Amino acid sequence: MAKSFSIKRQPGFATIAMLCFFLLYLPIATLVVYSFNSGTSIATWEGFSLRWFESAWNNQQVMEASWRSLRIAAVAAVIATACATLAAIATTRTAPYRGLTFKYSIINMPLLVPEIVTAVALLILFSRIKVWTGYSGLGYLIVAHAAFCIPFAYMPIRARLESMDLSLERAASDLYASSFQTFRYVTLPLLWPGILAGLMLAFVISLDDVVITEFVKSGGQDTLPTYMLGQLRRVVTPEMNAISTAFLVLSLAIVTVFFFLSRNPNKNNE
Amino acid sequence: MTETRTTGAHGGAIGMHGIKKWFGNFQAVNDVSLEIRSNEFFTLLGPSGCGKTTLLRMIAGFELPTEGQVLLDGTDISRLLPNQRPVNTVFQNYALFPHLTVAENIGFGLKMLGKPKSEIDSVVGDMLKLVHLDGRGNNPVTQLSGGQQQRVALARALAPRPKVLLLDEPLSALDLKLRKSMQVELKRLQTETGITFVFVTHDQEEALTMSDRIAVMSTGTVRQIGSPWDIYDRPSERFVADFIGETNFLEADVVSVSGDKARVRLSSGAEISATYPEGVTPQGKVTIVIRPEHARLGPPGSGVLEGAIHTIVYLGTDNHFHVTIDDGKTFTVRQQNANSAPCGFSVGERISVAINDDVAQILRD
Amino acid sequence: MTDSAQDVGEQRQKKDVRDRWLLSAPALVLILAAGVGPLLIVVFYSFLAPGSYGDVKLEFSSEGWFNVLFTRDIFDETVSLADAHFLIFWRSVKLAFATTVLCLIFGFPTAYFIATRAPHNRSLWLFLITIPFWTNMLIRTFAIQEVIRSEGIVNSFLMSIGLISSPIQMMFTDFAIMLGMTYVYLPLMVLPLYASLEKLDFRLIEAGYDLYASRFGVLWRIVIPLVKPGIIAGSILVFVPALSAYVVPRVLGGGKNLMLGNLIELQFGQGRNWPLGAALSVTLVIIVLFAMLYYVRNASKSGGSAHG
């Protein structure tokens, strides 16, 4: 059995794949390892220490930027997910109607337009609005983030909806549920994992954004990524590694939850 | 049999008047009118795409007729939403709510109707007993077998005591053995609850086994309505005769008509008696149908059709003989293997086909 | 009376479509206001004259578009081709293309490897591919920088085994940018390839071997043609962001190896030539649109032949 001719095997493919996985994780692993370096060098290992985490923790700028990142990501993700949920319900499980393709293309547009162009466009628009209104708070960043997070939140919610059997909602209305009751007791509970997955995806995407934030932010509105971008131009200390490691762990935790949420789109298929 | 329970205390008579349904340019239902009596087990039978499910969905309220009316106990319900109709459906794939337990599924309708919890609990208990799922109330529905899910779907649809229960091919997902026992079960539930059942299927055997009356449908129209016996033994159209069971079609000439019988001459020159459908005066060339089990083989000269055996198909319980009769047509005879011995005929042998009395039926067209 | 059921049906359908517009309105408004709409302003700005301290003057000018390809000498007004811009265009296209090819070379075997694992193991391998994808791009760029810099582990390793005596300068080269982009965008190639390969009917491969094809023959004549839509999708998904990359060339290119994204940024920053920046942005969008168009046309064509 084991030695028989495997039709799926292609010589060298497994080796390249393993090399690929190795190369994908090598830089990240190095980065994480050196965040625990006790020396000031990011190239020579001088022993284990948490001093760089401590130093990042005590760095006012880092903490402010992190807190700002999290706030923006939280608010933007909630807005984006709410919009995406409603839009997903409006665009799935229906006979084609006029405007449906239009909706699809608009919702997916942020995925197609190069980020740098969107960033430039928002810079132009928001700089005008800032002059007119005098407001220069975090609102601009939140609106910008919410807009480009919508397609990401939309994807898992839509996938979940499409895998949901329309006859469940029919059954509910057959059993005397009004359309609101149907949504409340059937659609929403079944859609919930998709919504949660969308929320997390949107949160991670917002947290990761560099380009649009870099162009839209006003003075003193650095998020963690834009702060790091600024620091990378200078001499880098393992403090950057420590910040990156913390950031990585957070993203990894969210992505892991997302993975388990979206693994079984249909609980009853098990 | 069909006249026994025309007036139930429960109501639940459906009237469909001049129903037409278009989906874009496709006409799914073409001018259907039928009456479903209170408390009867009524089956809509036909091949896929004949419009039977569309008809059912119009009773449930998932589709609205393009033209025509749906009446429930004399009241027009055509325009009501599904949740406004005292009618429940057992869906083809059951459509059980995967996030709810067995009991929550069964009690869903009553909850939506705003019934108090105590009433819901007691009805759910009764329903669990009725479908033999006592003690399973707190199980998640996802852990039930196909047959059990089927029962939950039935209980869920019956719990609000609908006037009419609609069943959309509910047995098609079950294996053969389970399907047989569920057929008996469904019939029992219908008798015990006294609710009108409207059952949709493409399986003729299912229809014949359970129904009080059957409507055979094809291409959006009802071809014949009648008891299972009517449909099987007295088909009025070629489609009905062909769709249900195996049939021989023969060309014949009408010789004379008396009462509800006619004398017809077969291609061999022999004359037999045949019944004809209501409202038809048979004359000239007609088509008659004879079921394979209503004919016998015998030595040459003993029957009404002469020919030779072309093939013999052994089916265990019986044999099918495909006979090439002398006008070139094929005629199938089915004989039971009453004795544990070879059939006694061989391929190529010249034989004669005898036809039992009172079995031939003249078709309408 | 007989018609009213139909009227009711039509009313319900109209209400359904109206409800669906209402439900999608928040998402559409937000994206149009803060994503798509501003692009029109960019087009508008590309036809205005630059202001003295950034921003624009409200007067028509084709200078922005003119400057995309040409430069005018400040003193004698002679026109010459904008060599620097051509260089950057060329570098962007070249690096984006090289990145796409590299991603394909590494990504295809990897996707094939995942697709041929036992079904319950596949999601785990896929998860391993997606983790880097969801970790911050800046962090991954930073990580690559740590690996290839003069004191990085590659140079340290090579020097410690005596292969080189002084560190190889990899940072701030086109090579570094290409390497970084390949690293960063590889998952974007693997995911669509995997989606295509997973749907591949391996009985076709059996049929291929049955008909005397070699391993390479099966790969070249059966597998690759069947997953062509995935290959095209992956290539576009890598090519488009690589062409408009900003972060990777900024960090790894070190300010002198500019790509299109950096050139655009420059016009809104030190360059203070917003109309030129706007014109360059529109140019970039047009290139991306053509790539998309190519993808849509080819995907529908090969999709038809693969299933038809």
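Per-chain numbering from 1; labels A, B and C assigned in written order.
To be clear about the criterion, contacts are C-beta pairs under 8 Å (C-beta built on N, C-alpha and C of every residue); 3 or more make two chains touch, one makes a residue touch a chain.
What you are looking at is a predicted structure, and each value in this text was computed from that prediction instead of being measured.
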Which chain pair shares more contacting C-beta pairs: A-B, or A-C?
-> A-C
Average the C-alpha coordinates of each chain, average all protein C-alpha coordinates together, and give the chain whose average is closest to the overall one.
-> A
Here the gap between subunit B and subunit C, centre to centre from mean Cα coordinates and rounded to Å, is 59
Can you give the whole-Å distance between the Cα centres of subunit A and subunit B?
-> 55
Please report how many Å separate the Cα centroid of subunit A from that of subunit C, as a whole number.
-> 17
Footprint of subunit C on subunit A - complex, ascending = 5, 7-14, 16-17, 19-21, 23-28, 30-31, 34, 41-44, 79, 82-84, 86-87, 89-91, 94, 97-99, 103, 106-107, 109-110, 112-118, 120-125, 127, 143-144, 146-148, 150, 154, 204, 207-208, 210-211, 215, 225, 228-229, 232, 236, 240-241, 244, 247-248, 251-252, 254-255, 259, 263
What part of subunit C is in contact with subunit B in the complex they form?
-> 1-6, 8-9, 12
Okay, in this complex, where on subunit C does subunit A touch?
-> 16-17, 19-24, 26-28, 30-39, 41-42, 45, 55, 106-107, 109-110, 112-114, 116, 123, 127-132, 134-140, 142-147, 149, 151-153, 156, 183, 186, 202, 205-206, 209, 215, 219, 240-241, 243-244, 246-247, 250-251, 260-261, 264-265, 268, 274, 277-278, 281, 284-285, 288, 292
Which bits of subunit A are touching subunit B when the two form their complex?
-> 165, 167-168, 170-178, 181, 185-186, 189-190, 266-268, 270
What residues on subunit B touch subunit C, complex-wise?
-> 18, 64-69, 78-79
